[in-house]
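Take a look at the following structure, please.
Read from first to last, the chains carry the letters A, B, C and D; within each, the first residue is number 1.
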Amino acid sequence: MSTPTTEYTTSELMAATASGLLEDGRVIFAGVGMPLVASAAAKRSHAPNLTVVLEGGIIGPEIAPGRLPISTNDVRASRGAAMLTTITDIFLYAQRGYFDYGFLGAAQIDRYGNINTSVIGDRAKPTVRLPGTGGANDIASLCNEVLVVTQHEPRRFVEKVDFVTSPGHLTGDGSRQRAGLISRGPTRVVTDLALLDFDDSGHMRLRALQPGVTVADVAARTGFELPVHPEVYELPPPGEEILLALRELDPDGETLGE
Amino acid sequence: MPETVREARRLREERVTPETSKIMSAAEAMALVRDGDHVALGGTCFSRTPMALVFELIRQRRTGLTVSRPLASQECELLMVAGAADRVITSWLAIGLRWGLSRVLREYVEGGHIEYEELSHLSLGMRYKAGAMGVPYLPTYTMLGSDLPAGTAAREAECPFTGDTLLLLPAINPDVALIHAHSVDRYGNARIDGSTHMDVDMARAASTVIVSAERIAEPEEIVAGAASTALPHFVVDAVVEAPYGSYPHDCHDRYEADYDHFTSYVDAIKAGGTAAVRDYLDRHVHSQRDFAGFLGLVGAERLAEREASARELSTR
Amino acid sequence: MSTPTTEYTTSELMAATASGLLEDGRVIFAGVGMPLVASAAAKRSHAPNLTVVLEGGIIGPEIAPGRLPISTNDVRASRGAAMLTTITDIFLYAQRGYFDYGFLGAAQIDRYGNINTSVIGDRAKPTVRLPGTGGANDIASLCNEVLVVTQHEPRRFVEKVDFVTSPGHLTGDGSRQRAGLISRGPTRVVTDLALLDFDDSGHMRLRALQPGVTVADVAARTGFELPVHPEVYELPPPGEEILLALRELDPDGETLGE
Amino acid sequence: MPETVREARRLREERVTPETSKIMSAAEAMALVRDGDHVALGGTCFSRTPMALVFELIRQRRTGLTVSRPLASQECELLMVAGAADRVITSWLAIGLRWGLSRVLREYVEGGHIEYEELSHLSLGMRYKAGAMGVPYLPTYTMLGSDLPAGTAAREAECPFTGDTLLLLPAINPDVALIHAHSVDRYGNARIDGSTHMDVDMARAASTVIVSAERIAEPEEIVAGAASTALPHFVVDAVVEAPYGSYPHDCHDRYEADYDHFTSYVDAIKAGGTAAVRDYLDRHVHSQRDFAGFLGLVGAERLAEREASARELSTR
C-alpha cells in the first residue's frame, strides 16, 4: 500500500481502535465485516494467540490477505481453521461460557447498548425491514462480554431502539440479569468519534475521544444524552503495525475503504 | 407439518427406508414435495444451498410452502417471488453483506405479502435439534430480554432444578428437508465436507429427506470414512446426483460462490424491482429443462474458474 | 463346521428362531452376544438389507466371521460400518423413531415383559448386584418394538421382577402408555422352549413351541401362569441356511456353544 | 462439582485457555485433580479408556473421587479397590460380557462400600450433554415407567407445549474429564478416530479437561482434517503424550484390547478376591514409575500383536 500510515480512513480508525481492545490469548466470536477484519488484524499484530470463531461453525480460521470472507460461512471463512463444526454447536460453546468476546456491528443502538438489526418502525408493519438478527442476538446473549463497532451517527445512536434484536443492558439497573440473561452484555462501543463504555447502571458513557474530536462533537452526533467519564481522554492515532496489518488483509479497501 | 414430535415420530415409525438404491432425478425427487409443506433448506446464506433442488421445486410451480433456513439468501427471494413460499422462518435474509438490504424482503414484508418469522440463529438451531432428538422442546438462555421471542412459538419457563428463567424452543419437524452434500452413496449415506451448518439436525427432524450431491460415491468409499458420514441411509428418502448443485452458491472446498452473478442479479433488481427476479426465473429456471441447462448458461469456463478460486484458498 | 445341520445347540436354536423374526429392509438395534449374532446371521441369509445398529454409535457394521464383537463399542464392532457417531446420538435416533426393532437379552423377565438386569433383591442392599442397564432401558423405552431372547428357566421367568430396569408393559392394561412411554414395548420373546407374544392387555402369552416341546414343558419352566394362544403351533427346526450363517460367524461356539 | 450449570459457566468464564503449548507429563496433569473431585472418564467399557491417566491418578493416591462413565469396566474396579473412588455414576459395570459379573462391583455394592448411581446410557448422555450445552437440564422420553429414575437426580415434568410426560435430566458438569484421543496438537486441538462415545460432551461439560493421545500432531495436520477435530484447544487444559494410552483396553483402528490380560486379571480375582486387585495395582501401577513401566511389563511383542489384530479388522 502506498498510503502513508499517518493517513487513514474512518473505517481504518475504527478497526484499529477496536483491534486494540482485544487481549492476546482470548477467544473472540466475530461477525463478518469490520469485526472480523479488526480481529484478524489483532492476531497479526499484538495478539498472535487470539482465537477467532465464526458463526458458520468455524474455529481458528486464517484469513487470506485480499480474500476477506463475505459471509461467516463461506469457503474463505473456513480457510486454515483448526475445527469445523455446526452453526448450532458454535453457539452452544458460547452458551457454555467459552467465548471471551462477542464482536458486533449495529444498525441502531440505544443508551443501554441494545441493538436493532430487525425493523425500523413497527414490527408488524415496518418502514424498513432489515436483514435480521442472524447470530447477533445469540452473541449478545451468550458471549462473556460484547464489543460493538459502528459509525457515530444520530440515526444510529437513538434514545430507544425500535426493536431490541440483541439485548444490551435493556432498561438498565440490573434489568438484563433480571430477564434471565447469563452474561455481562456490552462493555465497549467503538466509533469513528469515540470509545464508549457503560456505567454501573448499564448506561452508555463517553470514555475516550478519537484524535481531534471534542466532547461536543460526540454529543452532536448522539441521539441521547451521553454522560462523560470523569477521566475522559484522547485515543492515540492508529499505530503503524495495526494499519499495515489491516491494509494487508484488505488491500483493496473493500471493508475499510471509507 | 406434524403438530407434535410424537406425531412426527409416528410418521417415521410407519416408514421403512431399507438399504436399497434411492437414486432418482431432481424432478422425481421434487415430486415428493406437496403444496403447503414445510420445507427446510440445508446450508446457510450462499453456502451449500441445495440450489439444483430449489430450482426444480420452482420449475414444478409448487405453492403455499413454509420455508425455513438458518440464514436465508437468494434462494428464498426466488421462492418468494416465484409464489412458491408464503411463509419464511429464518434468522436473517439478504444475499450477503456486500449486496446490502434485500429489496425483495423489504417489498414482501413491508407490503405484508409474506408471513415472516424471525428467530435467532441458535433458537432456530434448537428447534431443529429438538425435532431431531425426538423431544418436544429444548431449553436455552438465548433471546431472553429481547423483542424476538414475542413473535415466535418460544415461551419462557422457570427451571425446575435451578429456578433460572429459560426460553423453551419447541421442535420443528419439517415435512421435507433438502440437503446438498459432497457425496452420497446410492442408499443415502451422505458425506458433507466442512461445516455441516444445521443440515444434520434439520434432516433428522424432517419426515422426508432429499439429498443431492456433487457426486454419487460407492458404498465402500463411505465405509472408508465412516466417522465423517453426516447422515445414515435410513434418514434419507431420495438421492439426486447434482454436480455444481449449489451453484451460484458455494460448496466447501469445491467451488466459491459466483459473486459476479449475485451482483448482476442485485443490479437488475435495483433497476427493475421484483420483475427482474421474474425475468431471472424465466431465463434460468423455466426456460431450462433441468439444472444442467442453467449450468450451461453459466458455462464450463466460469465453473472451472470458481473451482480454481476455491482451490487457491485450500490449506488441505 | 463338521456338525450336521440336523443337530444344533440350544443357543443355535434360539438364535435361529430370533433371526427368523427379523424382516428384511428394517433397522435393528442389537445388544452384543446372541442378539447381535442372530441379527448378523439374518443379514447373511434371508434379510440382506437389514441394518444393524450398535450402542457404541455404530451403524451398519459388517461382522467378521470368527471375530464377533465382545462389546458393542470395540474395534471389532465398528468394522465395515457406514457411519460412526456417538453413544448418545445413537439413542437419539432411537427416540426419534428410526429403529424398527430393539433386541435384548434378559436376566429376569416378568409376565408383562419387564426386564431386570440391575439387582436381585432390594435396590438399596441387593443380594446380587448385576452389571446394570447399559443401553437396555433406552432400547426398551425408545425402539419401535422390542424383541427379547433368553433361556427359559423359572428363575428368569418370574411373577414380578425385583427391579424394572427395562420397561415392558409395566402392570399391563395401558400402564406403559400412561407412564409416558412413546413406543410399543416388547412384542416377542424367544426362548429355547418357545416363542411368546403379548395379548392386548400386555400380558405374555405362549404363541409357539420349539420342536418337540409341550405346553406343559413351558409351563413347568415359567414362574407365572402363562396363557396359551388359541392357535399355538410348533416352530420348524432351524433351517440349513441360517445354521450355516450362525456357524460361519461363530465357528468356535463362543456365543452359541451351549 | 459446581452446583449448577451457571456456576460451571462462571468458572469457565474466569478461565483463559490461550492457544499456547499445554504439553505436560501424566504426573503433572494428574496433579490438577483434587481429592473429592468428580472425574468423568472418556471412552466406554474397554474401549479408548484413558488408562495412562487413570494409572497415574491411582499412583498419586487421590481419594474421595466421584467417577462417572457411560459403561464402566476394569478401570472403575481399580479406582474402587485403590480407594480413589467412593462414588460411581454409570449405566453398567463389568469387564465385558465374556467375563461375567464384576466380583468387585458385587462386593462393593452388596457390602455397602460404595455409593453407586445407575442411569440408563441415554440418560447419562443427556446429563453430560446438558452440561456441555450450558443448560440446566435436557428433556427425554427414556427411563419413564422403570425403577431407574427413583435413585437419581432426574425428575418427571409435564411438557408445557404438548402435555406429554417427560423425564428431565439435570446437567453434570464434572470437575475433570480425562480423555484419550488418537492425536492432539500442543494447543489441545484433539482428534478422535471412530466413535467418540460420550467424550466430546463430557469434556465440554467439565471444568478441567486433560487429553492424552497416542501421539502429538503438528497443528498443520489438525488443520488439514479440521472437520474431524473433536475438541478445540480452548476446551483443553493439559495435553499428555501417551502411546498405547488405553492399554490393556482398545483404541479404535490402532490396537485391540488385551483379552488375555483381562482373563488373567479376572481369574486372579476369582481365586483371591479383591486382594488380587491390590496385587495387580502393586505390580502394574505402584511398582512402576510411569505408564511406560507398565507397557514394559506387557512387552513390545504383545503390543505389536494387538496392533496387528486391529489392522486385520480394518476395512479402511
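Heads up, the rule we're going with is that a contact is a pair of C-beta atoms (placed from the backbone, for glycine too) under 8 Å apart; a residue touches a chain by one contact, two chains touch by 3 or more.
Keep in mind that this is a model prediction, so the values were computed, not measured.
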Through how few touching steps can subunit A be joined to subunit C? 2
Considering only chains that satisfy the touch condition with subunit C, which of them also satisfy it with subunit D? B
Ranking A-B and B-C by C-beta pairs in contact puts on top A-B
Note: subunit B sits from subunit A at a C-alpha centroid distance in Å of 29
Which integer distance in Å separates the CA centroid of subunit A from that of subunit D? 40
Where subunit B and subunit D are represented by their mean Cα positions, the distance between them in whole Å: 38
Two or more other chains in contact with one residue: find those residues in subunit B. 6, 134-135, 140-141, 164, 166, 194-195, 223, 227, 315
Specify, in ascending order, the residues of subunit A that touch 2 or more different other chains. 78, 80, 84, 92, 95, 182
Inter-chain touch pairs (all): A-B, A-D, B-C, B-D, C-D
Provide the residue numbers of subunit B that touch subunit C in the complex, in ascending order. 6, 8-10, 12-13, 16, 18-20, 132-135, 185, 187, 189, 204, 219, 222-223, 226-227, 229, 232-235
Write out the stretch or stretches of subunit A touching subunit B in their complex. 32-33, 55-58, 62, 64, 67, 70-76, 78-80, 84-88, 91-92, 94-95, 118, 123, 125-138, 140-142, 163-167, 170, 175-176, 179-182, 254
Tell me, which parts of subunit C touch subunit B in their complex? 24-27, 49, 51, 59-60, 78, 80-84, 92-93, 95-98, 100, 144, 182-183
Under the definition above, what is the set of subunit D residues touching subunit B in their complex? 4-6, 134-141, 155, 157, 159-162, 164, 166, 168, 170, 193-195, 220, 223-228, 315-316
Touching residues of subunit B toward subunit A in the complex: what are they? 43-47, 70-71, 90-94, 96-98, 101-102, 105-106, 109-110, 112, 116, 118-123, 125-126, 128-129, 140-148, 151, 156, 164-167, 194-198, 200-201, 250-253, 255-257, 259, 310, 313-315
